[in-house]
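Take a look at the structures below.
Okay, so subunit A shows up in both of these, paired with subunit B first and subunit C after.
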Partner chain A sequence: MNSETNTLPPRPKQSKTSLLKKYGLGLGFLALIIWSIMGTNEKVDWTRVFSMRTIENMDRVIPKLFQPTLDKLDRVLELMLETLLIAFTGSFMASILAIPLGFLTAKNMMGNSLAGRIANFICKLFLNAVRTFPEILLALIFVASIGPSPFAGVLAIAIGSTGMLGKLYGEVIETIDMQVVEAMEANGANKIQTLFYGIIPQILPDFLSYAIYRFEIDVRASTILGIIGAGGIGTLIVISQKNRNWDEVSLILIVIIISVTIIDLISAQIRKRLV
Partner chain B sequence: MSQSHLSTQRTNLHKPEIKSVVSPKKKLRNILIVLIILSLYTFSSIQTSSFLTQFNAEFFQNVGRMIGKMWPPRIGFASAVWPKLAETIHMAVIGTTIACIFCLPLSVLAANNINQNKYLYSTTKFLLNVLRTIPELLLAVIFVSLVGIGVFPGILALTFFSLGILAKLLSETIESIDMSQVEAMRASGGNTIQVIRFAVLPQILPQFTSFSLYVFEINIRASVVLGFVGAGGIGLLLNQQIAFFNYKNAMALTLIIYVVVVSIDYISNKIREALL
Partner chain C sequence: MIEFKDVSLVYQNGTEALKNINLSISQGEFIVIVGLSGAGKSTLIRSINRLVTPTSGQLLVDDDNILSYNTKQLRKLRTKAGMIFQHHNLVKRSTVMKNVISGRLGYTSTLKSIFNLYPKEDLQLAYESLKRVNIEDKVYTRSDQLSGGQQQRVSIARVLTQQPNIILADEPVASLDPPTSHQVMTYLKEVNREDKITTIVNLHFIDMAMEYADRIIGMRDGEIVFDGPVSEVNEGTFEDIYGRKIREDDLRGGSEANEPVSSFNTEDEFAQTRN
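Right, the complex of A and B next:
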């Protein structure tokens, strides 16, 4: 038998720099993980975590989590509705606010003039800054300034979503077919006409799809806004936890899971039909 | 006579009858949808007390006064923040690492091209979907009640939270891999473990790393919230400062969190670009 047929083909040689990069990255991650484990090890009192008390807690809490009480169903549903309304109002405001920002960040809409480029740059910077700001911090600032109310939650959701939607809108506008716009301009259409007949029909389905997708995210985000007093079902989560009403927590859990799932399904269906 | 006839013809030429591209039925439907959305918005904005009239002078005064209270942030407070900040990063790192380890078997089970057992597949998929809908805060509340206040419940909450996202993303990647390699491995007698190790894993490894980094970014943000319910991290400090009306300290904290989140996002984006 020919010995060559039995051996595997030689492995492709990797360049030294890429190997070095890979090992460097791996070692970096390993160092990060070890540093974290050591740091946490100091903080956690393992004897308390694995003690009789934990087992007692589990005995007390876990069975209750599987026996939801229906006593407060009205209140939970009411607050869940409020959560959905906060998310809807916030994402609606954001989807409107993001439209001018999207146009300002799109390179093909702003032209090559210096003013256009500066406006473009400033808007991009602003959107990036907003996008990375955690929503809960925004909500915290608004609760502190206008008092605990759903309005604070709406503002936090609206501003937080504007960052992401503005960026996505801008990307959509950058990918439109400019030939349509040019053809309309060549035929003597003015700016408003090009906008309504050349640009908007091209971007509308994507805009709507992104806005609905963001609403999906906002529903999840607004469930937790309540812990800092910005309205919604989060308020009840904290109250139930403080009162140790685990059967209530269980009910909240079930209501959240069901409503989020339903909204995800509906929005996925709508988006499938849009795009 | 003939001239006027000609001129009317010309105007007819210039103004052809405009037919709408959209059929009247569709137009009616679109208008109806817009009306429904607008009325829903009006209803919800009144219900959440955020109707447009809320943006009055008083509102801007309040926000302005708050900014006045928060600015300038007390930079000196930054030195007190570091231990809690490190704790937050530790929690996120460990939570992501554990989730990365456990998501591998789960995502194989939730991929219908590798897992041929229909019932096991749909059960795993269903459980993952349910897990993904639970907000991280609720997980933290439950774990705090189980194991007490501290870093440990936070890590557990982050682990479960990121497990759902990671397993979903990864199982979708596995479902889109090149199956010819898997079939070749099976044909030459590889068992399931070998198929996964040598045919599936090499194909998903770049995406796996990229998703892990992405989930790490999400975890850093999520771990800010966990402190509010006593699950460790920087949120606890922030909550305290606001409760004591130390708004200048709170602003400094917020800015520090922001800088950390942005720089971690930046680094992880750079690594992801280099990997893919």
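Right, the complex of A and C next:
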């Protein structure tokens, strides 16, 4: 092979407007960053941040964080288990609640009729609305309405996860092979049979995979719910922090890190096998 | 007995897919429909099991106008009219058996089919169907582990399990290589002869049409431009149907006579290497 055949054809010339747009956008972005940095500069009292007091505070807290106490290990483990259970129950509820919503938000399931499109639109809107609430805010609402208990946390997790799972389920359903569905119809299968023989085998592994992934996220989310009294290990974090028991906070953090890591590993393994 | 009486079909976007089709097909015929893509072959075939609904005229299957059928009658019609698709349309994640038994869905009550409660005879029938296309050793294999030709044979078995009066095959060999194409066509022909099942196949390969058909129907722009036994067909006929000279890619080649048994071996070996 000689070098002439290996040369690439020259790049197509970019039009002036597209070049202008590119540089314009770049400069605009740069200006935005500079402006925001200047904004913080005005609000922050740098002399206070870099003072002896900060260093003293850090000196008091940080060494303690590296000296966990095992005094309250039982209590911490118990509450960690509660946290995991809150996450599990919540994501389990969500993974079931999201199924009908997933079907309703999938365009290929709802047909082209006016009623179908309206239902589709309403469900999408609902899921979008749900997704905008952070779990902690949902938990706040449930703690206020049913009182401070782990169940408030479960509901917060369940509702929050439904928003995400419903959307993901809907997307999974939209990508299935509709020709299989057509083949089932051509067999003389009715709608329910088509669902069980043509659709569910195609979506089940993805549904499970997403549900497990969401459980992973929920474990992390539920560690913090206790801060506002919705059960789980968060309660203990707040108490220990208020009492300045930094060694206890340290223990709690270590337990959380270990549990979350283990769950991430397990869930990654399971999900790899599913698809 | 299938009769088209002045059947026309206009799609919602205004495309006239069928224009005043008059056609009569008797029980047990092996018909190949040829024509360029977009000529209306698929639409014609799909009208017979009402996957598409003609907009005017009458379509009689066993002296009954199927255009006036309700959902229940349609299911019954489709149970008796098996369909084979270009892309096999198997549920890839399900086993071969589950795919083949889905041919019985039209005969099975919804509840029984959901819980997989098929009578022994049905399971036996499914296994016999697999035997007829020589793929019974794959009965518990997942469908996505089969090669293209094997998948198409499974889809023939699925249709046989329906015990149909009519088999409709929409481009069954378009995504297969030449030896495998001949193998699939041979099975279709065998089934047609042994069970006296009316078989209607869409093809665009001229040589295959000539080799397997009893009768050839040529379509162009939604009209039937030729209809007659194979003995009346010559190259000129195809040039009339296609409205242009015959080209290399209108032929599939690799006739069974050239590579008789080897095609079976190579294909199975191919699939085994994938397993």
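Here, the second predicted complex is superposed on the first by the 227 of 275 C-alpha atoms of A that agree within 3 Å, B and C clash if a C-alpha of one lies under 4 Å from a C-alpha of the other, contacts with A are read in each partner's own complex, and residues count from 1 in each chain.
Everything that follows uses one rule, which is that contacts are C-beta pairs under 8 Å (C-beta built on N, C-alpha and C of every residue); 3 or more make two chains touch, one makes a residue touch a chain.
Small disclaimer: the values here were computed from a predicted structure and weren't measured.
Chemist: In the overlay, answer first, second, both or neither for which of subunit B and subunit C A:Arg75 touches.
Modeler: neither
Chemist: Where does A:Lys124 make contact in the superposed view: on subunit B (first), on subunit C (second), on both, or on neither?
Modeler: neither
Chemist: With both complexes overlaid on chain A, does A:Lys107 touch subunit B (first), subunit C (second), both or neither?
Modeler: neither
Chemist: With the two complexes superposed on chain A, say which partner A:Phe196 touches: subunit B (first), subunit C (second), both, or neither.
Modeler: second
Chemist: Does subunit A have more residues touched by subunit B or by subunit C?
Modeler: Touched residues of subunit A are more numerous for B.
Chemist: May I ask you to decide whether A:Arg271 touches subunit B, subunit C, both, or neither, giving the answer as first, second, both or neither?
Modeler: In the superposition, A:Arg271 contacts neither subunit B nor subunit C.
Chemist: Considering only touches as defined above, state whether A:Phe133 meets subunit B (first), subunit C (second), both or neither.
Modeler: After superposing on A, A:Phe133 lies in contact with subunit B but is clear of subunit C.
Chemist: Just checking: does A:Asp177 make contact with subunit B only, subunit C only, both, or neither of them? Give me first, second, both or neither.
Modeler: So A:Asp177 only meets subunit C here.
Chemist: Which residues form the common part of the subunit A surface touched by subunit B and by subunit C?
Modeler: Subunit A residues touching both partners: none found.
Chemist: State the interface residues of subunit C toward subunit A in the complex, per the touch definition above.
Modeler: 49, 51, 75-83, 85, 87, 89-94, 98, 102-103, 105-108, 110, 113-114, 155, 158, 162
Chemist: What residues on subunit B touch subunit A, complex-wise?
Modeler: My answer: residues 37, 40-41, 43-45, 47-50, 54, 59, 62-63, 65-67, 70, 86-87, 89-91, 93-94, 97, 129-130, 133-138, 141-142, 144-148, 150-152, 155, 221, 224-225, 228-229, 232, 238-239, 242, 247, 250, 254, 257-258, 261-262, 265, 271, 274.
Chemist: Contact residues on subunit A for subunit C in the complex?
Modeler: Answer in residue numbers: 177, 179-180, 182-190, 192-193, 196-198, 201-202, 204-205.
Chemist: Where on subunit A is subunit B touching in the complex?
Modeler: Touching subunit B from subunit A are residues 21, 25, 32-33, 35-37, 39-40, 43-45, 48-49, 53-54, 57-58, 61-62, 65, 82, 85-86, 88-89, 92, 132-134, 136-137, 140-142, 144-146, 149-151, 153-155, 220, 223-224, 227-228, 231, 234, 237-238, 241, 244, 246, 249, 252-253, 256-257, 260-261, 264.
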